Amino acid sequence: MGINEATTYEPKILAFCCNWCTYTGADLAGLNRMKYPANVRVVRVPCSGRVNPQFILRAFARGADGVMVCGCHPGDCHYTTGNYFTRRRFMLMKKVLEFNGIEPQRFHARWISGSEAAKFRDAVTEVAQVVKALGPAATKVTTQASSKAPASADIESSVQKEGAL
Amino acid sequence: MNENHTLEHLMKKADVRSYDCYQCGKCSGGCPMAEGMDLGPRGIMRSAQIGALDSILNSSTIWLCSGCYACVDRCPHDVNVPAFIEEARYEAMRRGIVRRDSEVLNRTFLANIRAFGRSHEMLLAAFYNIFALKPTQDLTSLPHMISKKLIPIKPDPIRGVGDVQAIIARAERLDKLVKEVRE
Amino acid sequence: MLRYAYFPGCASESTAKSTTLANEFVFGAVGIDLVEIEDWCCCGATSAHTLSETVGLALPARALSRAERDHPDLDVVTGCASCYARLKLANYKVRTDKDAAWLVEKALGRPYTAKNEVLNFLDILSLDEVKASIETAILRKFKDLKVACYYGCLNIRPAEVTGAKDRENPMAMDEIAVLTGAVPVDWGFKTECCGAAHQNDAARQTRPLTARILENAMAAGADVILTACPMCQLNLEMRQTEYARKREEKKTGKKVFPLLDMVIKPEPQETIPVLSLTELLAIAMGAGGRRLSLDVHHVPVGGVIAQGLSGMNEKEVREAFI
Amino acid sequence: MSKVGVFVCHCGTNIAAAVDVVRACEAAKSMPGVVHAAEYKYMCSEPGQQMILDAIKEYGLKRIVIASCSPRMHETTFRKMLKKSGVNEYLIEIANIREQVAWVHDDKEKATEKAIDLIRMAVAKVCRDEPLKSQMIPITKRALVIGGGIAGIQAALDIADAGHEVTLVEREPSIGGRMVMLDKTFPTLDCSACISTPKMVDVSAHPNIRLLAYSEVAKVEGYIGNFTVTIRQKARYVNHDICTGCGACSEKCPAKVPSAFNKGLSKRPAIYTLFPQAVPAKPVIDKDSCIKLKSGKCGVCEKICPLGCINYEDEDMEFTEDFGAIVTATGYQTADWAQMYDEYGAGRFPDVIDGLTFERLVNASGPTEGHIVRPSDGTEPKTISIIKCVGSRDPKKGRAYCSRACCMYAAKHARQIFGKIEGVRVFIFYIDVRTPGKGYEEFYDKTREDGAIYVRGRVSRIYKEGDTLICQAEDSLLGKQVRVKSDLVILETAMEPAEGSASVAGMLGAAVDGDGWLTEAHPKLRPVETQVGGVFLAGVCQGPKDIPDTVSQASAAAAKVIGLLNKNEMESSPMIASVEADKCSGCSACEAICPYKAITMGEQPGREAGGNSKKVMRPIAVVNAGLCQGCGACTVACRTGAIDLLGYRNRQILEEVDALWV
């Protein structure tokens, strides 16, 4: 990697945030006009326990430089127990990623409540720094990505099929 | 460095944030020395809030704080006023602002250590009273002290007095060095 | 046998004569070996750190580093609150603040790792095994002797350095004093600063706070104030004539020439004797007044001891102990 | 074509200042599936919504993406709008470009890029959105109120008056809560008992209210409209069906323990009513202090009772009831200041008391019949110091928040003292005086006029000098230290969530904040609702407040409950788990992971394994639409991918992920 590339490189990080705690915390960071790097794209999910490991692997396969899974504090889950499962999966996921040649430091789980706007800002900032230091991920599966191409016809047919349900 | 920068720097070094203080007055209320102070600990924090570094550096408070830490202990926001006062005092000394009586005592004290390695109370009190122009202070205790042989008249330096002098000299040089690096 | 590296402090060589003698007696009697740190120097007290941060850390660190070199397995102990505060702070700073540790090592010119603890006498005397030894070493008990235990601010604060849990109404000293039969009173100035540090350079400001401590102890019905520090001890008893005179002046409105304090002594009920905790323990353990040089006290202590030790009148006590 | 319309909102300058909305809009036009894109100043406004509706007609839009503020803000608004247009209201996605883009990034270039990414993700997801239809679920027309303080009483009465059945559960032997302990209330100084005890009687007499005192909620199951609650009636050892409340037993009981109701100022027997006007006015035996129950000897009350009500064999009893709505009114307790403040004596000085103890002391029906005396020696104090913010506004030793009512009740205490002791001096130590309420500032004015001396400065410490207490503080307006000799010191302590309120919240699934207060669904717009449907908040359990606010909130919660119970059935969220029967292998992993017991194993015809094509019934997962809350835990546990979450299907989220890298 050349020096210029290193300095201008902006990683893209995907964050799965639960609707009740972290997504609310992220909104609060906005309300408080806190500033953080623009590297993170948030996907809203009802609960961190909804995050299928498949989503994380897919993000890395498509070229994500980092992935975060964020939920309520253990014990405070809106759905009582969802984030306990997230926590267990997280440990396993790190091993799976390592096995697949993805630096486990690209994957982070954080517990951020709806009132912890500053914690959200700090977490995002920190992960962005860590991932930036690692450089671009070398895991993009190009063949899949190119074959993916969401043709509108495909969408249409699936919609019609599902719409009929 | 401008004044605001200096103030911020002193507060940072003492790990004190002026916005933490909401002026409840619990510190000055419990400060044993407050009655003799001009600003008192709350006044010090108030001055810091409005950026009045000058009034802090020229206050008697920074010289009268006895470092008992009762204020921090009771502060609802854990504002470490004595630590900030200590930093302010160093800054005052750097600018040559001193309280005469404190300066005389502290210099005499350190000269004492330089000479003997330990503090020699008789000489300390004697020299202090002479230089501070207070010949009668505590004089009434003198006969008792002498008659009960509480104060040895002949000073007796420790063996490592040279070592002590070297340490003090190095420490003072380090202090200057640190200050220069910061600026 | 418990062993500690011992930092006596400058006062031990002069004004704290009787306390030093009592320390030796008590620690000998309960079987604690205090090994004096070889060629220790002054901790710098209030003045050194007032003038320079690094000098204020380097002076106590010199003694501590010598203790660490000569007695690598021993914790350091001192009987003076002021020394304790400086030694403990140097120890704490070296442990927690990398910059400070670097400065200290550069100033000393040799390493100091701060791996051993710094303790004060109260820490040691409060150990359960030591308390048991004290109980067996006590030969005679005081009766109805009311004591006000004065801990001194620097033995207790700052909490983050000393780790003291109860900073407003500590009980460690009260619990030791009880062993001698003395009755501790509940009073309000256990950990209030006595102003010793500024008695020279800010006399006008500090005198009232010392007087307030004495008055509160007297109002609580104490016969004697117990201290855990020779500086507090000296400061609390040294100017009692002056305070008594000022109270009198306030009452009558008549001024008296200050130097007359040398000859005109106040009534005993206007003053309160001040003993160090180890002096009280030593007396209970059978030490005589002469052996402890109790006559060095500015406020005579004989009467109080006589009153406290049952079965003796003041004259007998004076002959036997002083 | 899927015909997606994208609408980018400027939100005035909120978004437009940080994001190039025109560029974002242009970029959206070329996204797959998008047939129309537009930007406008305020999408949520009437003309904004009209513009979207017009575009739906004009371009035949089937799906909508709105790039605006957080979906938490206006998702519901836009869904309602879609309903009008005939497009299914679940075919909409919101790209959050305000809270999570415009307000948090300074670099306009990067912010615009991110906004475009988020829009693209939303477009990808909306293409996979399905039309969803909510189901109707029946509502049990009965409400449960937890806690019988003034909040619970008010809520119960309001709901009952509207014609619905209410069960009021109170853990103490009597309802009344904190308010009946008080002597007078501000700002009117009317007698607290005079206004609260009639309400208590109303509760016991109301035909629609079932009062369960000395009872606790043990378990809560179900969901909005359909809760099943297990209530534990604690053993009373007294048959309340026969007992007339004559009081003979209490009079003769030999056991005496400190009365918690009187804050330890007096003693009560082991068989007792909480206070004379208690409702129900029948005694219970406190098993921890009853001699008979502890040692087997005594039995005085059994002998004395003319009706034979006493039953030492009584046991806790549990039963379940169904409810449609639940009001939480668990209230508060005062902070245990003695554990927090060594500098105020840590409880060593009997004449340093808290505000609630003072209320008992000054109360005409209290242990001293309203005479203000020092607990230490029974003498009348001549100088009284009142210290505010004890435990409040103190993040280190107590609570960071302001307890809101203390400024007023400190002033009230001063007024009560002036009314009772001739020539008394009252000092009030304060940091700030906060009187935001109708008639409150005037009350404060009158308190000063009556002679209260306000000293601005938090008391640093209290110590004893002889027999008097000395409050040492700084008069920070003068910058001078003061030492006030006081005969009695009253500490106005912080309000804290009542003990056990966290466990109630836990059973209900309602959230609590860092201090333990129950969290409202929205601090401004949904102040009496919780995030859990059908669970409402009344009174101090939601945060410190005074009596007027508590009663208002209780009535507000009651109004919400009445609104709910007036319906026969209600719509449920369609975003729930759904099972694709053909794929389900019947492993029941989803049943195990579901926190709501919403999944059960049903049966459907299938063929036996092993290729012999014998027809058998095989197990498959079935989702109860009423119980499912839509968390999606089951979808991850499912091995075959048979169970999926409507609205957040696996492929919807995967499309979102894919859309980020084109």
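Here are a few things to note about the model shown:
Note that the chains take the letters A, B, C and D in the order they are written out, and that residue 1 is the start of every chain.
One rule holds for everything that comes next: a residue touches a chain if its C-beta (ideal position, glycine included) is under 8 Å from a C-beta of that chain, and two chains touch if they have at least 3 such contacts.
Quick caveat, the model's predicted, so the values are computed rather than measured.
Chain pairs B-C and C-D differ in how many C-beta pairs they share in contact, with the greater number at B-C.
The chain with its CA mean position farthest from that of chain C is A. Distance between chain centres (mean CA atoms), chain B to chain C: 22 Å. The centroid of the Cα atoms in chain C and the matching centroid in chain D are 54 Å apart. Look at where the CA atoms of chain A average out and do the same for chain B: the two points lie 54 Å apart.
In this assembly, the C-alpha centroid of chain A lies 62 Å from the C-alpha centroid of chain C.
For chain C, the set of residues that touch two or more other chains comprises 167.
Among the residues of chain B, those touching two or more other chains are numbered 35, 70. Shown for chain D are the residues that touch two or more other chains, namely 343, 461. Applying the touch definition to every pair of chains gives A-D, B-C, B-D, C-D. Across the complex, chain C meets chain D through its residues 166-169, 186-189, 215-216, 219-220. Residues 342-343, 345-346, 348, 461, 463-466, 470 of chain D are the ones touching chain C in the complex. The touching residues of chain B, when paired with chain C in their complex, are 32-33, 35-37, 63-64, 66-70, 72-73, 82, 86, 89-90, 93, 99, 101-102, 104-107, 109-110, 112-113, 117-122, 124-125, 128, 132, 134, 136-141, 143-145, 148-152, 158-161, 163-164, 166-168, 170-172, 174-175, 178.
On the chain A side of its complex with chain D, the touching residues are 10, 12, 14, 19-20, 23-24, 26-27, 29-31, 33-38, 41-47, 49-55, 58-59, 62-64, 76, 78-82, 85, 89, 115, 121, 140, 145, 148, 150-152, 155-156, 158-159, 162-163, 165.
The residues of chain C lying in touch with chain B in their complex are 10-11, 13-15, 17, 39-42, 44-55, 57-59, 62, 85, 103, 106-109, 153-154, 157-159, 167, 191-193, 195, 197-206, 208-209, 238-239, 241-242, 258-259, 261-262, 293, 295-296, 298.
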